[in-house]
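Here chain A shows up in two complexes: once beside chain B, once beside chain C.
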Partner chain A sequence: MRLKLLIVDDSMVIRNRIARLCLDMRLPSLEIVGLAGDGRQAVDLAERFRPDLVTMDLTMPHMDGEACIAHIAARLPETRILVVSALSDKATALRALKKGAQGFLHKPFSDAALIEALLELIR
Partner chain B sequence: MTAPLTRKKPLQPEEVEVFAETIGHYFAHTTGEKARVRTAYLLETGSPPQDDFNGMILVRGSYQGSLCFAAPRGLLTHVLMRMGEQEYTDADHLDLVGEIANTLAGRARRAFGEGLEISPPHTFTRAGRALPTLADSTPLIIPFTWQSYAAVLAVHLDVLT
Partner chain C sequence: MQNNRSSWLGKYRELLAAITLFLILDLGVLAFNTFTSHLIERDTALINTAGELRVYSQQLTKALLTLRQELHAGEPVQTSLAEIGEAHAAFGAALAQLRQAGQGGGLWRTSMDATGQERLALLEDYWGPIETAILPLRDNPHPIAIDVDSAATKAVGRNVRLMQLADDLTRHLEAQAVARAAWLRYIQVGAILLATLNFVFIVFKFIRRLLHSDRAAEQARRETRDILATVREGLFLLDRDGRIGGQFSRSLPALFGLPITGGQAFAPILAQLLEPEQREAAQDYIDLLFNRKVKPALLETLNPLREVALKHQDERRKGPSHLAFSFTQVQEAGEVSALLVTVTDISRQMQLAQALAVTEARAGSEVESLLALLDQDPAQVRDFLDATRSRLDQMNRALQDVRPEAQAYAELINQVFRGVHAIKGEAGSLGLTDLAAQAHQFEDVLAPLRRRHDLTGDDLIPIAFQVGELRQKLARIDAVLTRLARLPDKPATPAHPLTELKKQIEHLALKVAEDLNKKVRVEVVYPSPEPDLDANLLRHLHTMLPQLVRNAVAHGIEAESERRQAGKPPEGTLRVEFLPTPDGGLSLSVRDDGRGISCARIRARLIELGHSPERVETMSEKELLACLFMPGFSLEATAHAHAGRGVGLDLVRDMAAQAGARLRLSTLPDAYTQFTLQFQPMPCA
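The block that comes next holds the complex of A and B.
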């Protein structure tokens, strides 16, 4: 069965890069179900598609990533969330994990680091 | 009760070094090629330099002011290519310049902590735009080159104590 992936980032370049890496690396079990550019859109798409995995930026307009994580974790407890963020301080990472994220990847990230982090969530 | 943060002071040299490190780290990790960060200088007169594309981050919290990353089209096109992008529209360049500004600011929180509260990026093309002055200290300009391109990070921050 293929796992549904939702990609959330306010940068189109980063959304495209994550999507392309997932396709290029032929992560066989992933199907990209949506790309969201802000927090509200992320919540809408998450409720519509009920993704198994989400890559989540934190600094976004309208609704930030932490609020999104809390919302998705409450409504879709089976969804696993990988934070992909530039915010590099430890307190932010711990808060995101406490709100329901399962992994944290710092930007800028290498192709290998992203794939490894996604595989870690799939396992 | 915690006293409000009001007294302002400029960044210290070791704090400036943090921003220079963020530039080196970004280009090394994203493109595999290091940027050459040059000596930072204080901008005593005039406005921080702008370029073809500019990404500005507003800062609040224990710090107050802004960070502005300004880069020429060529540099951003090259970075887009390195990231595997196949489209090089103005929208792509604006998106990337904002993402770089956001990543540099976010990386700085490793040293400054979450007291460095950063906004999503505001982006604009070269227009000689008058930017809001959000800090009292003198802006600091960190110039660097990547490949043959020159760009700058303008750091205009007060530290609240």
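The block that comes next holds the complex of A and C.
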């Protein structure tokens, strides 16, 4: 069964980078079901495609990442969320995890770090 | 689990074996009892049977005599015949029973032993003739008298002996039975004794084991208590409800600076220790530790309490300034049931780390300062050092001479503050960042004192200390400068020495003006291309020029307001001109458009310094101006950063003499002052 991945980030560069990286990982079990540029879009796409994995930015227009995580975690408890954020303080990471995320990755990140974080989430 | 069971079995194996043995012994005694009572019953029956022989013999004899009598009297004989038949049959049956009892063996044998059988055989011998005589009477309803007489005679004749024999047998059987019963009783008592011993063994063993495990439990408790009492770290278990466990290390209250009781909620303690944001992060972290969804490895990196500065202490809470918390998940049946929290006082480490950072920064700035020295004009730095030293001397004197009253202390502190501030500014402008930082630190010491009105002598102690610190820094810079000066090599002459000099002049003039709250425009004029200048000449220039420039800005150029009143532009002009002379020498002029030098002021200052007014009045203008070059003479009554120490013009005069230069001074009150140095051509140039 292919795992469905939703990429959420307000930066197109980051969205594309994550997407390309996931495609280059040659993980046949991963299928990108959507790219969201803001929180509201992320929630819409999540409800429509019910992804297994989400990479989530925190500072975004319309609906911030934390609210987004809380929403997705409540509606889709099986979905695993990896926060990818430039906010580097521990309190932010802890808040996101408490809202329902399972992983945290600081921006800027290396390709290896993102792959490791995603694999860790799948395990 | 398997292990548990086998160790449990191992632990109680002896006890189980003892109890089993006890039960077996008990059952054995019970079985033996049953068996024994059966044997005794049999023996009793046998004794009874032997006893009955006597009765049957008697009955038989009596019935035979009655029959003989009835026959003679011609009376009916049926009843007697029947009695004879019964007694005969009963005797026979009893004999058969006794005979059979003698045949058993082993445990089942009866009390009919060999002696008994002998006696029985004797009895049967005696019985034999009687039985033979009776046989014709049996089953014969009309017995003949002769048979009856014979049977009766035999029965009467043998009856007594027969009864004796039966008695003997009975007594023998009784004795045998009693002996056997005694033997059985011994066995029974022995078995019961064994069972009792076994029981005592079990009880002893059980009690010993209980005592042992009690002791072990007590030992474990004591060890736990000792560990918790001795360990320097704070240790406690935090349950899912966020409560502190009943057992916690004795150091915990001291680490938190708060009284702690078992079962107390942890959140309010955190609230007292941490700032709100930290507390919130800590609470989130603890919640996540109980949540199995987030990987422990990730959580490990997010511990917000790994090194945490505590809220400022007050009267209610005294304790360390920094703590480190570490959390270990305690798992039970796949769930996190509690967290083992370890709290360590890291105040000392943090202080050391901070001190190290400060030292490193200081070392860095010291190196920076020393490097900055290389870029500076040594004369200028020396000048600064001299000025600073004399400032510090002044501070020391003021500290010693201060009147012991709050007002005087306050004035002194203000005065010191101004001085330190000036040192800071000058040091900064010379790139001596280390010294500037030290002065800044001094200001930090002074700042709170300036706001107070209740100063005492004790408040001055840190000031004296800080003065000492600054002095040490000065000494280091001085030492470095001296070493630099001793370097044997000729100082490298910059490619464009006058351009360099120009920069320094501008820098110094602007700085002095800024310090004295004046405005000045600096013009430095020199020919282009630069003339070749002798290294010695350059050194002289470097020493003398700063003094002249400083003098011009400090004494010559007026404050902005004064200039406005005099109808001058608010900004003063300082013009420094280098002019090669046709004979290969150099002329240097330093001119300011300030207040000029008033002879009246010189006169007044001389009288102030104790010269006789008469003599002063008769002095010519030239003589008066010459006084300006006297060592220790200054027009300023009090010294400030850039003037008033009486060092400066005398130095210039000496240097000029050394360099073989002519020094001239021309001035016009309220218009200008100009110093001119006329350097002769150098012989080597």
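Keep this in mind: the second predicted complex is superposed on the first by the 123 of 123 C-alpha atoms of A that agree within 3 Å, B and C clash if a C-alpha of one lies under 4 Å from a C-alpha of the other, contacts with A are read in each partner's own complex, and residues count from 1 in each chain.
Criterion: contacts are C-beta pairs under 8 Å (C-beta built on N, C-alpha and C of every residue); 3 or more make two chains touch, one makes a residue touch a chain.
Only a predicted model underlies this, so the values are computations on that prediction, with no experimental measurement involved.
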Chain A as common anchor, with chain B and chain C clashing or fitting: fit
Contacts of A:Ser110 with chain B and chain C, given as first, second, both or neither: first
Contacts of A:Ala93 with chain B and chain C, given as first, second, both or neither: second
First, second, both or neither for A:Val13, with chain B first and chain C second: first
From chain A, separation angle of chain B and chain C (C-alpha centres, steps of 10 degrees): 80
Greater chain A contact set [chain C / chain B]: B
Which superposed partner A:Thr59 touches (first chain B, second chain C, both, neither): first
Minimum C-alpha spacing, chains overlaid - chain B and chain C, in Å: 8
Overlapping contact positions on chain A, where the chain C interface meets the chain B interface: 91
Chain A residues touching chain B - in the complex, by the definition given at the top: 10-14, 16-17, 20, 24, 59-61, 85-89, 91-92, 106-110
For the chain B and chain A complex, residues of the former touching the latter: 25-26, 29-30, 80, 83-85, 91-92, 95-96, 98-99, 102-110, 112-114, 118-120
Interfacial residue positions of chain C with respect to chain A in the complex: 277-278, 280-281, 284-285, 287-288, 293-295, 298-299, 302-304
Chain A residues touching chain C - in the complex, by the definition given at the top: 90-91, 93-95, 97-98, 102-104, 120
